[in-house]
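One chain, subunit A, links the two complexes that follow: it is found with subunit B in the first and with subunit C in the second.
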Partner chain A sequence: MRKPDSKIVLLGDMNVGKTSLLQRYMERRFPDTVSTVGGAFYLKQWRSYNISIWDTAGREQFHGLGSMYCRGAAAIILTYDVNHRQSLVELEDRFLGLTDTASKDCLFAIVGNKVDLTEEGALAGQEKEECSPNMDAGDRVSPRAPKQVQLEDAVALYKKILKYKMLDEQDVPAAEQMCFETSAKTGYNVDLLFETLFDLVVPMILQQRAERPSHTVDISSHKPPKRTRSGCCA
Partner chain B sequence: MDEEYDVIVLGTGLTECILSGIMSVNGKKVLHMDRNPYYGGESSSITPLEELYKRFQLLEGPPESMGRGRDWNVDLIPKFLMANGQLVKMLLYTEVTRYLDFKVVEGSFVYKGGKIYKVPSTETEALASNLMGMFEKRRFRKFLVFVANFDENDPKTFEGVDPQTTSMRDVYRKFDLGQDVIDFTGHALALYRTDDYLDQPCLETVNRIKLYSESLARYGKSPYLYPLYGLGELPQGFARLSAIYGGTYMLNKPVDDIIMENGKVVGVKSEGEVARCKQLICDPSYIPDRVRKAGQVIRIICILSHPIKNTNDANSCQIIIPQNQVNRKSDIYVCMISYAHNVAAQGKYIAIASTTVETTDPEKEVEPALELLEPIDQKFVAISDLYEPIDDGCESQVFCSCSYDATTHFETTCNDIKDIYKRMAGTAFDFENMKRKQNDVFGEAEQ
Partner chain C sequence: MSLKSERRGIHVDQSDLLCKKGCGYYGNPAWQGFCSKCWREEYHKARQKQIQEDWELAERLQREEEEAFASSQSSQGAQSLTFSKFEEKKTNEKTRKVTTVKKFFSASSRVGSKKEIQEAKAPSPSINRQTSIETDRVSKEFIEFLKTFHKTGQEIYKQTKLFLEGMHYKRDLSIEEQSECAQDFYHNVAERMQTRGKVPPERVEKIMDQIEKYIMTRLYKYVFCPETTDDEKKDLAIQKRIRALRWVTPQMLCVPVNEDIPEVSDMVVKAITDIIEMDSKRVPRDKLACITKCSKHIFNAIKITKNEPASADDFLPTLIYIVLKGNPPRLQSNIQYITRFCNPSRLMTGEDGYYFTNLCCAVAFIEKLDAQSLNLSQEDFDRYMSGQTSPRKQEAESWSPDACLGVKQMYKNLDLLSQLNERQERIMNEAKKLEKDLIDWTDGIAREVQDIVEKYPLEIKPPNQPLAAIDSENVENDKLPPPLQPQVYAG
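So, the complex of A and B:
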């Protein structure tokens, strides 16, 4: 496994659907039940670059994330459930501090998932559902509740994050570009989310290579030399 | 909590996190807790710098010349990874390497007659070195060839030496090596801290010299690796392995009581809740009444604004001060790293002097090391007790790790892990036990 060129991490409360989002994008599927056990690290080849995508392992979410998780991340996907306002509040209260170890020029995406469960999302999901002949017809007529979190709330959080990071709005992508409402279930906006970030991350990889040539060694790829001599004073 | 686990682990030091990872990979249900809000325990890297000042009760905090506090990740214990050592093997078998980046330490130096000399890393350097005379170099070369060819399973390589009975002193005598060469070999290559090894059977020493040579041959420059952002990344990497295999992690979780029944552990009480378990792993700080003191280590963390003199402006290095150079029983070590490893602000270096305590004035004991580092911007002095468990855990099922010793590598830590594993599992440790059991990297870029 070659070292990734860049790192994107998912953050957010339990059950907001982080793993479902990732699996929808990477595996084009939506499993009925999701546990992150066993699936916490994805590699995506985008153009000629390898981008790693980190998901929290199932039980790290019980206050077990350390500084390593966001270390050096080029982009962070802060995920909430549009049907649970508290999951947006948690992003600021519990998860924002963890992003201190990310790259200084780290990008942030604010993602409201599960939009398929809302009445506003019904129309957005309709198009995808028509492409899923196996979908239970009953789902389409289920009553849906109004959204608990509006897109403007996500935009407000994005701007608050810029203040926290002391970033100038001129120097980063616009809030409207970085706030998404998605449905991992229907696939709505999922490709757009990941591919927007991939496109934004690529120039960062190029800039990083130009600025900071790495002198790290890849200990997992080094082949032991033949023992024709000892290394010291031989 | 209020659940049943196979294993509960207390403390997120490197030893505990590696064991947690091994247990989870092997299908055990693991709960891992730490009273601190960060990973690493005694093996953590303290960040931001303000926290280090607070920890050492320097209440005025860091001056502005130290730069941004968050750029600092200061190790509490000074150690490097041997490039061919057991910890690197553990990282490779578990594939925890994917979470971490390493750099080669730029040089190793040995103190002799008040000066430091580079430990040669190439034949050219060896020929030019003033550490020994020309005729000694030829005898030393013959000795090193013998060591390189030595195979404990092949008597033809023994050249009359018995690995189980011939003392190392006799091996040196066989090759007619002088005292200077003996000191260099034992302390700068075999990395012994005392001279007790001289009268022991030679096999262990030969293997240690082999480990040094093979580690040096891996990348050149020095036999050591160091992780970007500090040693505190290592426990987190193994903790993530455990979490991916179902381990539950809780930081900032106080441990009120360890519950024993009929002399056997049955659970842990925290914040009024009880988690039950069959086995418990912990560091000494969680069971102070079940450990004994086994010595002391002094570590002085020094912040510098310059590389150490006569190291060719190295961004990272080790200096070994052999014990007989300064009339002591144990060697003094200096481990230096810097902003190049993302552990300090730009232009800053962190050098940690350490040794086993021998007198009632340990700071005076390390003065020869501190003199090499002057001028020092700031010093943080830590004198730590070394603990080891009183019982082996067979009856209590409480398995306590040993404190981190004064060595500047992790071989003793890995030996402790292997020993605890054997006592817990009832079978000898095998690195194969650490291998991931399923493919847990997904994506098109797998190679």
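So, the complex of A and C:
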């Protein structure tokens, strides 16, 4: 298997749909490359680079272990359920502290999943109907409740994260660009989420590679080359 | 002669009566033939001589004592000398050992010289011989692999050889410093290949894997679980911890694996085998491969059980369960070794790194495990930890068919012990009841007797006056008629 150049980590509470989100993207766009074994680790080739995507355990009893996953991450996707406000609160309370081990220039995306269960999501679902002719008719008939978390709440959280990380808004992507509302079930906005992140991560890879030679001191270049012949190389 | 004897028997010469000293006075046998004056003089002289002899004796004893003390000192000196010899012997032994190691290392580095390898093999113990064989094989593989790269291969071999020689002299550094040296080496070699050698990334990866295999096979003996660290202590602590947690059930961890399904049970066994096998590998990449194989078996087990791909929320608790069930040896040492000496790019972003991170999370979870983590009350948790109770007892009927015979036998024994305990308690209760019955019966009998005595009081008359003997003197004279007096008739 190819070695990844960068990694993206999915964080969020249990049952917000992190795994479904990841599987939806991988299966929908690249059905042939989906691993039939695991559903928690994926390797995606984007242009000429390999990006790995890590799913994490969000259950509360595993709280605190997530910092190991975020070590050296280039981007972190913070996921919540638009129908449960508490899952957004958990992102700030439990998961934000875990991201300290990520890269200093790590990107953040705020994703509200399961919009298909809301009134507004129904409209979005209808728009997608042409792309998904196999969608069940029963879903459209069932009543939908108004969603509890608005996009403005996610934008507010994004700005809190910038403040927490002491980042300037000028140096990072705009909040509106990094906050998504998705539905893993209907596929709404899933592709947009991942491909936006991939596009933003690639320049970081290039920058890291460009920076690498200047940080390296070639010690062996100062040593005189040995002229003695080794028997095994004869 | 005969005449002389005859004369003595008959006649005593007068000269014999004189003092022995010849002073002219007569001697006395009490004074041993001396006169009183000469005897006094002689006695004084003898006493003086005696005093002199006593003094000399005391002096001799003193000298002997001093000699004894000196001898004791000399003996201690001998002991000191012996100890010194022992120390010298030990130093010689140590020096010889170091020389042997150096000789072995030096001989081993010259792979082409088979004769010297043979010489090095002969005096070495079997462990060294085995290591030499494996190292020899890895070295040959490495050289064969590098030949395909021609000039770049030669350069790599030279750099690798230099690194190993450098590490030999850095053996006294702390393990963290040695780890940094290894990481720097990986980084520099990869850097040089990409910039100057223009080697494509796929080949760089293969070369790095071979380099890691070669150098870590050579260094394994010195850097795995070194004595300078507390890795061994941590190994024993985590092993003891896992043993204490044998009672944890899949339900407590919310493990979505149904071991009643034969395929799932097979996957679980394979996962446990893989995680235990990690300790038998030497190259960090091989250890990571064991972890990856274990993880893939876990994903397969979850997929078969749930009939859908597994998520991280399913995978991590199952990995924890596998670690608790397998209790792999030297777990912390292996994790530390991989962290210190593995190629970092593999560890940070790759699939192997993902599974390795999950293993680290599982171990951290096991170390911090408490009642709340398992949704138990503190009392239950404490009882399970102390071994007072076993949570599997309630589920004895629902044993998995895959449970090993030992576990089944253990639970059967636990059931037997429980039954024996109950029987013992029953017998004790019966005994106490019997004791109580006996006491009650005794009291009852006593009470009945008391009642009867009270109901029918017995009146005993005082004994009658004994009849007076006829001949005894009669006390009551006043009732009897007066005695008859004889009447004299005149006639």
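Definition applied: the second predicted complex is superposed on the first by the 188 of 234 C-alpha atoms of A that agree within 3 Å, B and C clash if a C-alpha of one lies under 4 Å from a C-alpha of the other, contacts with A are read in each partner's own complex, and residues count from 1 in each chain.
Criterion: contacts are C-beta pairs under 8 Å (C-beta built on N, C-alpha and C of every residue); 3 or more make two chains touch, one makes a residue touch a chain.
If you're wondering where the values come from, they're calculated on a predicted model, not measured in any experiment.
Student: Contact-wise, after the overlay, does A:Asp100 reach subunit B, subunit C, both or neither (first, second, both, neither)?
Tutor: first
Student: Contacts for A:Arg71 in the overlay, against subunit B (first) and subunit C (second): which applies, first, second, both or neither?
Tutor: both
Student: Touching A:Gln45, do we find subunit B (first), subunit C (second), both, or neither?
Tutor: A:Gln45 contacts subunit B only, not subunit C.
Student: Contacts for A:Glu92 in the overlay, against subunit B (first) and subunit C (second): which applies, first, second, both or neither?
Tutor: In the superposition, A:Glu92 touches no partner, neither subunit B nor subunit C.
Student: Touch test for A:Thr19: subunit B only (first), subunit C only (second), both, or neither?
Tutor: second
Student: Tell me the contact category for A:Ser6 with respect to subunit B and subunit C: first, second, both or neither.
Tutor: In the superposition, A:Ser6 touches subunit C alone.
Student: Of the residues on subunit A, which ones does subunit B touch that subunit C also touches?
Tutor: 1-4, 37-41, 43, 52, 56-59, 62, 64, 68-69, 71, 216, 218-220, 230-233.
Student: Can you list the residues on subunit C that touch subunit A in the complex?
Tutor: Listed in rising order, the residues of subunit C that touch subunit A are 110-112, 143, 154, 157-159, 187-188, 191-192, 195, 201-202, 205, 254, 295-296, 299-300, 303, 308-313, 315-317, 345-346, 348-351, 354-355, 357, 360-361, 364-365, 368, 372-373.
Student: Subunit B touches which residues of subunit A in the complex?
Tutor: Touch residues, subunit A against subunit B: 1-4, 26-27, 36-45, 50, 52-53, 56-60, 62-64, 66-69, 71, 100-101, 214-220, 222, 224-225, 227, 229-234.
Student: What does subunit B use to touch subunit A in their complex?
Tutor: Interface residues on the subunit B side: 32, 38-39, 47, 70, 83-84, 88, 91-92, 95, 97-99, 101-104, 119-121, 123, 126, 137, 140-141, 144-145, 147-148, 189, 210, 212-220, 223, 225, 228-229, 232-233, 236-237, 239-240, 243-253, 340, 438, 440-447.
Student: Going by the contact rule set out above, which residues of subunit A touch subunit C in the complex?
Tutor: 1-7, 14, 18-19, 23, 37-41, 43, 52, 54-59, 61-62, 64-65, 68-69, 71-72, 212-213, 216, 218-220, 226, 230-233
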